[in-house]
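Structures follow.
Two complexes follow with chain A in common, the first pairing it with chain B and the second with chain C.
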Partner chain A sequence: MKHLYKLLSVLLILYTLVYGMLGSVPRLDILNETIRNVYYHVPIWFAMIFMMTVSLYFSLKTLLNYNHLNDSKAFDASVIGFFFSIPGIATGSLWARYTWGTWWTFQDPKLNGVAVSILIYLAYFILRASVDDEQKRARLSAVYNIFAFVMMNVFIMVLPRITDSLHPGNGGNPAFGKYDLDNNMRMVFYPAVIGWVLFSYWLFELRNRLTLLKHEINE
Partner chain B sequence: MKELIKKEFLLEFRQRSTMGGVLVYIAGTIFTSVLCFKGKMDKPTWNALFWIITLFTSVSLSGKSFLKEVGGSALFNYIYYRPQQFIVSKVIYNMVFMLALSLITFCFYSFFVKNEVENTPLFLIVLTLASTGLAGSLSLMSAISAKAGGNFALMSILSFPVVLPLIIVAIKLSKQAVDGIEWAGVDTGLLWILGALNVLTLALSFLLFPYLWRE
Partner chain C sequence: MNKRSLILFLLSLSSFFASAQDNGPQMADGMRADGKIYVVIGVLSIVFISIVVFLILQERKISRLEKQIKK
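Take a look at the complex of A and B:
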């Protein structure tokens, strides 16, 4: 029973991989067939934000009552979230190449926001690496993680909506859901989101088990 | 609380060398960057360069604001003050100091380059709000990096990404001040966001600092 969600995630992702390529999509100018990327690019970002939220949750728990388990969970979740940002950027960049005509553009606040979020989490990892004492490291990095999470959300959720953006749903552009995410696409998109989020949670559990085993060996 | 703020200022004025050092730092940075641009700058460049200089000055300044709090004096503060008092005094001190420094930067900059600002009241408002926000987040970052061993590289790595949203909104607003947009045309939404960011960073520092306090 405990492992059901793992099976579910694999099935959902397989389903969206196949059906995402075969299903019918609306014909739109410029986007053409690249609209299928909505099944891969967007859910991966959902998974990343989900993992960062998990990391935030465990950081808060670490601050409220110190426990090395919570601390290691916060760290592992942020590592997995960071890991998801790489395919997120790769699929986004590929998509941008075929719709906006460039791999990367500084005109778009979401891209800048993502770049800064990556810097923020790199800084978080460096902070963790530079403190030796376990308790101190837990506290310092939890404080930074909470602060950074809020700033990251300001950057990728708030700022794009007030300035011009090339992304749908921001800066006056209509959101995908408004007119071109038809029912056929919804049947793939929502399962894809659930599938990737569950998959990220599975990865997180695996990594956390590894960390705990390493910790036990060191003890 | 008042004593703490007073102590900060007293310490600063007793150590004239740091004050002088900061002034020379600002003058040197401005002079170098102006030479790099050969004095030819259009308005967006002027604006961007001003904020870059301000950002670097504030990071290097606030980076040392917790370095003194080690050993005996830290223990003394730990026993006599509450962490909230402590962070508020640090933030107020940093805020005043950063505002003063950004004004000095502005003067030097206008002297060496040219004063491009056409809507001065708006520019001063943005400067004040930005200094407050910077003081709020940089004080916390400085506390973290001081506890983590206190090297300057860590301070800049930690603080640049988290102050970027603030700086970007400030740059957008000050661009409007530089362009001399009339008050009716000023984007008040951005001003509200800048204010909200200030409240957010100050609240976060206030709430999170007590957890750094325990050693």
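Take a look at the complex of A and C:
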């Protein structure tokens, strides 16, 4: 059943909405109850990175063998990823205000990295909009998208680990065990990640179907 | 997910909240019930479910258009 993953994502997210609030969490200074944001802020970024990976996959497919289907999927996935970065930044900013004491800090390499990554993907959208020829646009933007993906990973995965970061699990060489997650939190956090990743795929699929409809009407 | 199962789910949620509030006072975690956190969960769930219902309606519209264009 092709709708099954959608139902699964909705159920998982609903589960995390209920147990994310009710479950027990470590009692920590400064963080207090805001530690529950881990269930909502972090999975949104996972969904964003997942969508950018989907975008990269279809860009590679476009380069290997051109068709407008692959190209449109690469674009739509990056658009959904881009939209996930907006609540990602907004929730992070709000959380930072009440724990780090500021809406935004340029001291944190992850914040800077995310800002630069978003600009890199904005450039991808501008590049696409500025080429009229369909095939040329597909090839050019596919090549650019590979660079964009690599840069994004350098900026949000690699650099924050090399220098010090306010984000937990960064600065030094983290493993998942070093996260401030106890087992109770894992029971909510992992389903949340799966739920939001599936949810982003649902949005991507919907948007791509609309794009293909538009394409067929234009033919 | 159709409308009926959605309503059923919401009803089951509400009964869950009601029963959770009943045995509150003796427990240390009763604070959550007294702090009305269940209301927040209810609101969050309603917001999320509304978005999902909207998505389902969009999905139906798109499917209908796809069928029309194929003809």
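The criterion applied here is as follows: the second predicted complex is superposed on the first by the 211 of 219 C-alpha atoms of A that agree within 3 Å, B and C clash if a C-alpha of one lies under 4 Å from a C-alpha of the other, contacts with A are read in each partner's own complex, and residues count from 1 in each chain.
Quick note on the criterion: contacts are C-beta pairs under 8 Å (C-beta built on N, C-alpha and C of every residue); 3 or more make two chains touch, one makes a residue touch a chain.
The shown structure was predicted, so the numbers you read here are calculated from the model rather than taken from an experiment.
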Quiz item: Counting only touches as set out at the top, which of chain B and chain C does A:K136 meet: first, second, both, neither?
Solution: first
Quiz item: Just chain B (first), just chain C (second), both, or neither: which does A:A123 touch?
Solution: first
Exercise. Check the residue A:L63 against both partner chains and state whether it touches chain B (first), chain C (second), both, or neither.
Key: first
Self-check item: Contacts of A:V150 with chain B and chain C, given as first, second, both or neither
Solution: first
Practice problem: Scan A:I86 for contacts with chain B and chain C and give back first, second, both or neither. | Solution: neither
Quiz item: When the two structures are laid over each other on chain A, which of chain B and chain C touches more residues of chain A?
Solution: B
Quiz item: If you lay the two complexes on top of each other, which residues of chain A touch chain B in one and chain C in the other?
Solution: none
Quiz prompt | Residue numbers on chain A that touch chain B, as the complex places them | solution = 63, 116-117, 119-120, 122-123, 126-127, 130-131, 136, 139-140, 142-144, 146-148, 150-151, 154-155, 158-159, 162-163
Exercise. Using the touch definition up top, name the residues of chain C that touch chain A in the complex.
Key: 1, 13, 29, 32, 37, 40-41, 44-45, 48-49, 52, 55, 58-59, 62, 65-66, 69
Exercise. Using the touch definition up top, name the residues of chain A that touch chain C in the complex.
Key: 7, 10, 13-14, 17-18, 21-22, 24, 202-203, 206, 209-210, 213, 216-217
Exercise. Could you pull out which chain B residues touch chain A in their complex?
Key: 137, 140-141, 144, 147-149, 151, 154, 157-158, 160-162, 164-165, 168-169, 172, 189-190, 193, 197, 200, 204-205, 208, 211-212, 214-215
